[in-house]
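Quick one: this structure, given as structure tokens, is what I'll be asking you about.
Letters are used for the chains, namely A, B, C and D, taken in the order the chains are written, and counting of residues starts over at 1 for each.
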């Protein structure tokens, strides 16, 4: 039997170990989530012991001082700023990524991309002041001082948009660059122009990565705190007018947690309920967008 | 010349297509321009406060300190010491003397101390860079009128002593030393935790995980975590790292520590909290990068009898590294700029000693910046702008390293 | 312009092709007959594909590539300043070495090119007709909404051919269209080329000399010159090249003595 | 425990002797900060008299002299962002004068400060811009801590309008109540004022400033001020300044320091005819003067001499620094009470 070939399965312990540790790395995020839900839930219970779920989810006024706990006032403001931010960031971010990946020279791309990425690292409180001292006066100049409040969701939203542009453009550019050259060649071979190739062939082929960028961006916009805290105002207000002040969920959380309120007041407990709401809100948004991405995702080769 | 006939059944739409192509390409360019302009506007906004004219007034006129007609700068060290003793608090004088007796000090050392603590030049008014460049005459006139004793000079708020001094309540003496060191420590821990963890998770999800419910759950979960507001990570970090793992994060497991002061509010806790925060970002980016590696490469490797891990290590990862680095740059940039979660985890607002280990108390640049921007005095806004520039320089250098790595690996392929 | 000149589908004169500073192909003079199949053969790296791509300015897509000399199409030099490469490519289509269908449905793969080029007729008919011409219709007619990527390699390549002929080009350039396919799929492609030659001018780059001998009417043999630039060694009717080559190097190559 | 007592006694002896030698400079220095001239000799005395001095020789109701150089260890404090700048100055001076240990101050709000002091017991000192609440005292009790209050200064609330505003220079508390609640237009409050909408800019509802204003002007009832239209809230006083300068019909209130720094853009209103100044605040006639506190606990102070010394240091020198920071000195009587509290906490 000597020198015969052994084709039987061997246990490769190294491989198994690696796979196990990779699995742990992957599953770690579940622990994080459990931790978040547990920590927030524990305190939120105290809140919901005093405020009914019905009032919380149906009310449109949020004034803890006078026992009004309607999350819609804050939720609405969060949705407004996020929506405005998306209006700014998605088209501009996507355009930049198309420009960088399809039009710009290699050299231009190599310089522009890192420059844009620096935008992502400026502390957001700086963006907050940028919104308040630059964007708001600009809006007031355009639409009139009577129309635009000094604190408003529009200016906060636009600046959040600027903040997440690099995120959208950088990640999308990676996705676009990863599309095989052969596809571009095929399109050109059929007599497509540069634009048609970029928008109708490359872009759809990169949709999975672009959607991932969008998801991260939207999530970031929802969770953005300091900009809204400085520029969107600190009073809850249920309004659809982007030029009015309105406090967002994150703005409220950061205000309460840095304030002089007693830590055992109901107002203080409310930040955990809001945090939990925010968590489930982004969760459902993600589940939906994941479905969409799945539908569009294509496999190459 | 022969005219080429239009093809049968096809409209002659090319000029129109080129027009729309041109239109959109200009639009893309403009968008890029807008992004750059936004960046420049922001940077100018910051630079505007970080440089400019300062009218400096002395608290005490040096001339009044002259003894027997000898001006201050020519006084004997003993006289200087006497002036110092007369004008500063006794405790300070004593502390200075304990540190290094005045008899042993050089004349310059004592003179500098007199200027700093007795003459005490203070900013009476400051102007932005824009005003300084454009309205110089107006500033001169204003100074002459309002601050007749003041000296006008152009100042860069970001300078050597700003970088090397610890914090201070006095904006002229304050620096970012502790904050810079704190930020670097924290972000290093963050990177050490999030990079291997994130890339590992991405490899698992892309290369190993089948389409099972559990793996789908992990995926959804990661996308979701990317959207959790940072302050919630702060709450989590407080519960897990500061409280739950206190023996580890306070350094107590390494040996005895002073139980009355050591607690979990350390660099390690902060770094791990930010690590959790950026982990989803790292994972999602790394996944995209790994997914973009062509399958033929993997097959080629398997075809040569490589194991799965060998394939990943030798072929998939090297090809995915540029994309992974992009994600990591973005993630680390975010970690460097975070404020809210660190406040919850316990970054100190006032701290004057350098962090020396992962178990030190700390502060970070954004915390300093946030604190300074909320102060009423103008000079604090100037040093806040200077601190922002310091932060951006750190970020840029990180970027340079990453871009260098990215380009190096990109060229290899 | 003389009548004579336009009898050719396309002709290259003094064509030199460069990548950056490097001269890749030198002094090409060749005339391609209309509605015939012209094969380009030669050892690897001698610039066949480069010349092929020069015929519809696909080389433009490589930033460092440029050309001197002229390529006349309908009497017009396609490298003239005022020529729109997009216009060139919609008339001179291309099929690539590796099948590269778009990540779209089979129907959209075929319809897309025609659509962007402003096709005004009935799209369903055009798609069916093109797929029939590409000998793929029967295999895919029930799954037109499936992704083009779900087909086998040979089917994908025929889909790419269908997609090309849907825009009704004059000339189809094929860059080793069967090299990634199995013998049966290859045969199908070859049969298809014969069919297509009734309507289109076909220029095909191939490594496979039997294939060149089987399908082409004319054969151009490229070789590496002494300066490491590709040159057109011999160009003639296919039977002449294979049975009675004028040059020694051609004979060596087709008899397998090098390359 | 025994060694602690020993150290403590020794410490008290040393500081007592210093206080003696300094001839009680501290008490006067509150009123007149320029007392440095008198304190030239203490260091020589300190060295020789440590053993001879005894507690009995100390003057009644006077704090022992602090020598920061003799101390080490940590002082961990956290709390109000309003108190922060003041605490920062004191801590820095403490370090400047030779304290070899570490002082940290976290600016996390009064509520957060009390949470760390009473709930988790992490801090030695809690900074607050409002008095401690009963519930907070209770949880402190659960940790075995009894909070002791030290008043360190006063922050006057400035009611301000834009420089463009030419009609409001003096306002009564009743008018203030109307302006910040039911009134729609300025003319609703006072017929001589313009018939323009009132634009209100107020600090966030979680801030001590808001709480204090509501307490003083609305008698603790928050409903009217929250129900007012055109009310913009911000947690950041610089942001409020931006808002108020934006319109001649805007009005707001915040800490005096923010007015002082923006005096060229803002007008401050006198309340009931009384302008905010060192005298009116000191005499407690200015109606909107808010106390600032630091809190600690007797057992902490006794166990950690550096904490006791730090608080002592604050109480001794706060009035030399507070004006520079932008606040008003606490009334001497109040400060004396705080010093008395310190002595009691130290068992004297």
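We take it that a residue touches a chain if its C-beta (ideal position, glycine included) is under 8 Å from a C-beta of that chain, and two chains touch if they have at least 3 such contacts.
Model, not experiment: these values are computed from the prediction.
S.K.: When I count C-beta pairs in contact, which pair ends up with more: A-B or A-D?
M.R.: A-B
S.K.: Suppose chain centres are the mean of their C-alpha atoms. Which chain sits farthest from chain C?
M.R.: With centres defined by C-alpha atoms, farthest from chain C sits D.
S.K.: For chain A and chain B, what's the span in angstrom between their mean Cα positions?
M.R.: Centre separation, chain A to chain B: 21 Å.
S.K.: Averaging only over C-alpha atoms, locate the centres of chain C and chain D and give their separation in whole Å.
M.R.: Taking the average C-alpha coordinate of chain C and of chain D, the gap between them is 85 Å.
S.K.: For chain A and chain D, what's the span in angstrom between their mean Cα positions?
M.R.: The answer is 40 Å.
S.K.: What is the distance, in whole Å, between the centres of chain B and chain D, each centre taken as the mean of its C-alpha atoms?
M.R.: Centres of chain B and chain D (C-alpha means) sit 32 Å apart.
S.K.: Which chain A residues touch at least two other chains?
M.R.: Within chain A, the residues that touch at least two other chains are 133, 180, 193, 196, 257-258, 300.
S.K.: If a residue has to touch 2 or more other chains to count, which residues of chain B qualify?
M.R.: 17-18, 343, 373
S.K.: Chain D: which residues touch two or more other chains?
M.R.: In chain D, the residues touching two or more other chains are 81, 108, 236.
S.K.: Strictly by the criterion at the top, what is the full list of touching chain pairs?
M.R.: So, checking each combination of chains, I get A-B, A-C, A-D, B-C, B-D as the touching pairs.
S.K.: Along chain D, where are the residues that touch chain A in the complex?
M.R.: Residues 80-81, 108-112, 114-115, 119, 128-130, 133, 135-136, 139, 204-208, 211, 222-223, 226-227, 231-236, 239, 242-243, 246-247.
S.K.: Under the touch definition given earlier, write down the residues of chain D that touch chain B in their complex.
M.R.: 22, 36-37, 39-40, 42-43, 66-69, 73-74, 76, 81, 84-85, 87-89, 91-93, 95-98, 102-108, 120, 122, 236-238, 255, 257-258, 260-262, 303-304, 317, 320, 325-326
S.K.: Which residues of chain A touch chain D in the complex?
M.R.: Counting only chain A, the residues touching chain D are 63-66, 132-133, 145, 149-151, 229-230, 233-235, 245, 247, 255-265, 267-268.
S.K.: Using the touch definition up top, name the residues of chain B that touch chain A in the complex.
M.R.: Against chain A, the touching part of chain B is residues 17-18, 20-21, 24-25, 27-32, 34-36, 38-39, 41-42, 45-46, 196-198, 200-201, 203-205, 208-209, 215, 217-233, 235-236, 239-240, 276, 279-281, 283-285, 287-289, 291-292, 294-296, 307-309, 322-323, 326-327, 329-330, 332-334, 336-340, 343-344, 365-366, 369-370, 373, 388, 391-392, 395-396, 399-400, 403, 407.
S.K.: Given the complex with chain C, which residues does chain B contribute to the contact?
M.R.: Touch residues, chain B against chain C: 1-2, 4, 7-14, 17-18.
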